[in-house]
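The two complexes that follow have chain A in common; it is paired with chain B in the first and with chain C in the second.
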Partner chain A sequence: MKQIARRLAGHLARGLAMILVVTTISFLIIRSIPGDPMAAKAQKLMEQGMSPEQADRAVAVLYGFLPSGGMWDQYVDYMTGLARLDLGQSLTVPGTGVSTVLLGAAQWTVLPVLAGTLLSFLLGVTMGVYAAIKRSGKLGDALAVSGSLLHGVPQYVLAMLLAAIFTTLIPILPAGGTADIMIEPGFNAPYIGSLIEHATLPVVTYALASYGGWILAMKSSVVTVLGDDFILAAELRGLKRSFIFRYVARNAILPLFTILALSIGLLFGGAIFIEKIFNYPGLGLLLIDSISGRDYALMGGAFLLITVAIIIANIAADLLYTVIDPRVRDGAESS
Partner chain B sequence: MSVTIMPEAGGAHATLRRNFWRGVWRVMKRKPSRLVGVVIMAGFAFMGIAGPLLYPAQLPRDTDALYAPPSWQHPFGTDFEGTDVVALVVTGSQYVLLTAVITAVITVVLGTGIGLFSGFKRGRWDTVLMRVTDMKLTIPGLPLLLVLSTVWKFSAAFEMGLVLGLLGWGGVARAVRAQTLSLRERGFIEAARGLGLSTTHIVGRELLPSMAPYIAMNALIAVTGAVYAQVGLFFLGVLPFEASNWGVMLNTAVFGGGALTTTAALPYLMAPLLAILLLTLGIVLVVDAMDEIFNPRLREE
Partner chain C sequence: MYTTIDGFKPGLDVNGPFNPYHPKANAFRGYNSMWLGWSKNHLTDPNQFYPGIAASWDIAPDNSSITLHLQPNNKWSDGKPVTAEDVRFSIGLAYTQGSTAYSIDPSASGVASDIEVIDDKTIKVTQSAENPSVTFVRGVMETFIVPAHVWTGVLPADFWDKLKTARGDGPEAEAAGAEITGLAEKVLTFAPPKDVSAGPFVLQRVNPGEALLVKNKNFYNAANVAPDQVKFLNYTGNEQIWNYLVAGKLDNAPFTAVPADVMKRITQTPGNGVARGFSPVAVSMAFNQSKKPYDDVHVRRGLAHLINREEVTKIASPEGGVAAATTSGMHQRATEAWLGAEAGSLEPYKVDAAKAEEEFKAAGMKKADGKWALPDGKPWKVTINAPAPFSDWVSGAKAVTSQLNEAGVDAEVVTVADYPLYLEELAAGKYDLGFWLTALGPAPYNIYQRLYGPANGWELLAGKLKHHAPGKNGNWMGSPETIDVEGLGKVNPGELAVKLNSAPEAEQKAIIGQLAKAANQDLPVIQLWDYVNTQFINTSRFTGFPKDEHDSLRLTSGVWLQLGMIKKKQ
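Moving on to the complex of A and B:
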């Protein structure tokens, strides 16, 4: 238990450091955007009859710091605002806090990414075991090559191919959005059906994008375990194949949990392409739209939330690993 | 005395090299698909260097045939201005491959340098550098690039390569450091240290050659990563279009031509996608072959 607490503390410290770095980058970028949108906004408000102080304060509500003033003061302003979870106001959705917009979008990224990860994990691990057992045959070769190819192909290529096939050539799936706008949202069968229908392509793309990695990792892990002495011993003792298989699977699956965090992080980054291509209103699409709409407070918020999601995924994957691996859990290898 | 030894050493070296090439040939012959990989990569290299020379500077436009369907004259049809899509892919490859090579060079030089330094020096510097590397590895790269694009339009080939390279060395640095840590405890390095050879000699003549294949494979992987990242950035349309390249093609096909909703612009979308897939396939096959050549354990005798 102590072991877990110490690991968790380390993770939290590193996560906080990352958040600090990312928000500092956001601050520096917002401050140095060419054309100085903050001064322009303050100017416009003053023309509308506000006093300079009022205009400054109105702009500060939008961006989180006063447009005039020293850089250090601005930075402190921005950071204290963030610490109070005040991310500023959105420009493109007037009168709405950035945090509200972000939370609305987050569900459309987090749920599909998790569903895709689960799907590809189950599929990739099963196929990886198969590829390892049949590694000298044609089938194993084909599985391994398909794995390397899917692992190598960028996510937007997969997304575009799937979109071209299933929405244009054989139009059986909807091209974008989260649900049919004609259906009343609520807890009813047609709406949920429509939700699932619209989520199919994004989830399948997430799944295919990480499936290749799982199959390759599982294959090499199983091959390593198969070479271990205890498997040979089990075979010599004449244990049933299903028994040996369970030994192999339980030992081979452990190292994969270290890749889990990496894979989820990759998908959160790739969400930008996938959501843009399928017009799915998650965090990635929000980030792109905020950049093209010059909504910089929203941009900083989306960047921050994507980073936070990755940090949480890292922590969750590590805790899962700690719980599953008895050697780490009991602290037998206290190093 | 050294004069008498030198020819012998040289002779041994030559045999070693001949054996090496024989090994390469054996690996290639066992799976002909790997030769295909080499051919594909050579084809792309030729396309990147000589491609733009094959066409006039201003590509001819056939204004009667906008989004023309595939035909003998235009195997992948034409774009929104009536330009041949194949010509666009070929001329666009120069920008894509040039940036990829710049990125790979920066990634490998920085990654190897930092990894070697960290693994060889160890101690405080190692801790600091690895903390920085870990942080770089966890900050999501693509969102960072997008945010950066608001203040710096890095679409020129050199700038693009520089940005991607500076963001991408983390993985190589970690891997090279791990290799260095394991190699420096091996007998031949200890022997070299015992002989009182200089650090430059140990690092340059003993450590680097044993890691060279590994670094070369990482360079190839960096090439694919750079191609994906830049094509993706242009596809998303956050950077001004510098020269014709595959990402610009994807962007205009999808958001200008509606290639995902109508079939007319579909060939225009498919051509750059196929180019990316083919390049990936070539690099995957070559890396696979290199893995087997340099990693004797993988050889299925």
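Moving on to the complex of A and C:
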């Protein structure tokens, strides 16, 4: 336990240093993005009938929130704010803190993408084991082919295909949105039902799109483990198949945990195509909008969220390794 | 239930306040967000409106003031009456935003100088005499009216005294001005606890996918508002709007660029139809005259003679555009309305390879092996820039390029990642030719600001006009200050354009004639196509939508609903 705590402390220290470096680099990149959002807004207002002078005056007010001062001053302000856990004010949603905007979008990304990731992981891993064990049979072939096919189909193609089938050809699911506006929101069955109904296509699309990767990775890992000496020894000693299966599964799944942890970390980057096609207002779309609107604070906040999530996911994966893999645990203890 | 989308902003935001000034507001124009009146966008008369919060109005003959008579029976959705004090308070808010007819600088163009509440339902707004503009009345009419009793406290009690001081001179005025400007953020970010509307609807709830509005029973014309509920659907791109339309979900969708095959599918859906009308917007290719050989008018004219605008429009905007008849700086409909028969005297720049050759030769260009080269014999490549997300512009640029290449002019299209970057690089003078919206009317001053305004070096500061040298201070179009126009002599088009701001209609006509001629001869841009306002309607559930060319077509369907035009299908 002491070893794990020490390991955790080391990870946290390295994680904080990494956050500092990544935040600094992303600050520099974000502030260096060329483009004039004020001119774009003024053009939009002129298209709506304003004169150049009126549009300029309106834009000056709207963009009064833009950070001012030199790059160094802005950096110091930004980092001081971060130290107070203040991500700043959004430019595209004036008067609203970046953290509020991010949280608002995160709820529509985290649950569906997390559900999709876990669903595809469980399905992919189980099917991957079968595909490896039955690799010389028709079932193994079929499972491997299904994995290769789904792995090769781009996410947006799958999303459009499912949308076309289930919202147009057999219209049994809603085409987009998060819930039926006619239902009173709250902790009630109709609203929860509506949320699930609207999340079905995004979740299934995400699960199917990532399922292929899991099944192929698990199959390959199981096949490698099946050839290991300790499995042969177990078989020679006459151990029950269920014991052997546990040995195989526990060893084969180890590399996949790292990928799973990274996938969970990356889910904070959103699933842009799925969000776009199913009109699901998550973090991916928010990030794209913040870039086109040159909302520096929001961009910085989104990048920070992704960075922190990946670092935490990595630490979690490493700690999990320590728990489930005796070799890592023993190595840590002996060091 | 009436279903539509908000054409002004994609993306519903559950955090958006009930504040019309906020860019992510849950305020839908014509539904729960109201102006004093709704412009008919008349081609030559900017002072024609449909009633909004104001039932009627009297405009002084010299445009110096407008007296507004409010709807006598209109009430906010919380039951309180809509009064002249609400309008006055809303005008105060508008001063902090500095837009439309309200600026603390009395020398700014077309701004109000005095607000007088005459009685509970009447208010008079007077224009500052320092720099009057014909757009003043429209600026007043397009004031968002909010409930003073909800917004109270956003403006300080001594606001009007401060405004008076700010409009004077000296350090006191500066301090008062700074205080008012400092209120901008407070106004912009104010979030009323609930929606209190004087429009036909009031917001009930919103989620990231949809917004639900219900009828405001206190609205003056509630009896004639057909639907009890309105649903706004969220969208993040045109594709979603197309899907809604194909599925027959929308009763109306405002102008959306649609490719021909999608249009076919949309119109096949039962009940779907299209109403087309005037849209005061045109797409042009603007020259950077700071770069050679585009400083030579013969090169610009030669290029114009090589572009088949009909073909370009057919490829780029088959449903939402009409090939430009010529380059006048205005939409063809506005050109005809202002110039009448004189419009026919403008050079149409028909496709004519011989004329193009004549023009290129006049510029000293050389032709070798079927390719045109610069006067010094060096290769000439026309680079046309367009922002990548604007698919119709990119298609148009490609079509033009292909036509020029066929005619022996080496040409290429360079796309730019997004619009903010495009505008920055355009203003920095990095492009030879770039796509540029022109004819942004209907106000003639606004129309000619696109050709002879800041982008071409003319800057209006505190009522004084200054011209910056080509390539300097945002003058990316690079025209000289004066140009020779056949039949007119030397003209300063920037000066003429500014006069449009205050000249009476008869004088405007003469000025527009000169500017159209100047633009037509000098070609700072080549006008490619005029946009058509294509409104999608579905008559399965409602009828009474405006017909083609109706003067309400450019307004939101919230205005059609509040005026009682739309009826439930029996």
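Keep this in mind: the second predicted complex is superposed on the first by the 183 of 335 C-alpha atoms of A that agree within 3 Å, B and C clash if a C-alpha of one lies under 4 Å from a C-alpha of the other, contacts with A are read in each partner's own complex, and residues count from 1 in each chain.
The rule we apply is simple: a contact is a pair of C-beta atoms (placed from the backbone, for glycine too) under 8 Å apart; a residue touches a chain by one contact, two chains touch by 3 or more.
Quick caveat: nothing in here was measured; it's all calculated off a predicted structure.
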First (chain B), second (chain C), both or neither touched by A:152: first
First, second, both or neither for A:303, with chain B first and chain C second: first
Contacts of A:256 with chain B and chain C, given as first, second, both or neither: neither
Chain B versus chain C as contact partner of A:201, first or second or both or neither: neither
Chain B versus chain C as contact partner of A:317, first or second or both or neither: neither
Touched partner set for A:50, first chain B, second chain C, both or neither: second
Which of chain B and chain C A:61 touches, first, second, both or neither: second
Partner chain(s) touched by A:175 [first = chain B, second = chain C, both, neither]: both
Touched partner set for A:292, first chain B, second chain C, both or neither: both
Chain C-contacting residues of chain A that also contact chain B: 34, 167-168, 175, 276, 292
In the complex, chain B residues that touch chain A: 134-135, 138-144, 146-151, 224, 228, 231-232, 235-238, 250, 254, 259-263, 266, 269-270, 273, 276-277, 280-281, 283-284, 288, 300
Contact footprint of chain A on chain C as seen in their complex: 8, 11-17, 22-24, 39, 96-100, 103, 108-110, 135, 138-139, 142, 184-185, 188-191, 205-212, 231, 233-237, 240, 243, 247, 281, 418-421, 423-425, 427, 437, 440, 442-443, 445-446, 449, 453-454, 460, 501
Chain A to chain C touching residues, read off their complex: 34-37, 39-40, 43, 46-54, 57-58, 60-62, 64-65, 92-96, 100-101, 104, 108, 167-168, 175-182, 185, 198, 276, 279-281, 285, 289, 292, 294
Complex interface listing, chain A residues touching chain B: 14, 17-18, 21-22, 25-26, 29, 32-34, 136, 148-149, 152-154, 156-157, 160-161, 163-164, 167-169, 175, 265, 268-270, 272-273, 276-277, 287-288, 291-292, 296, 299-300, 302-303, 306-307, 310-311, 314
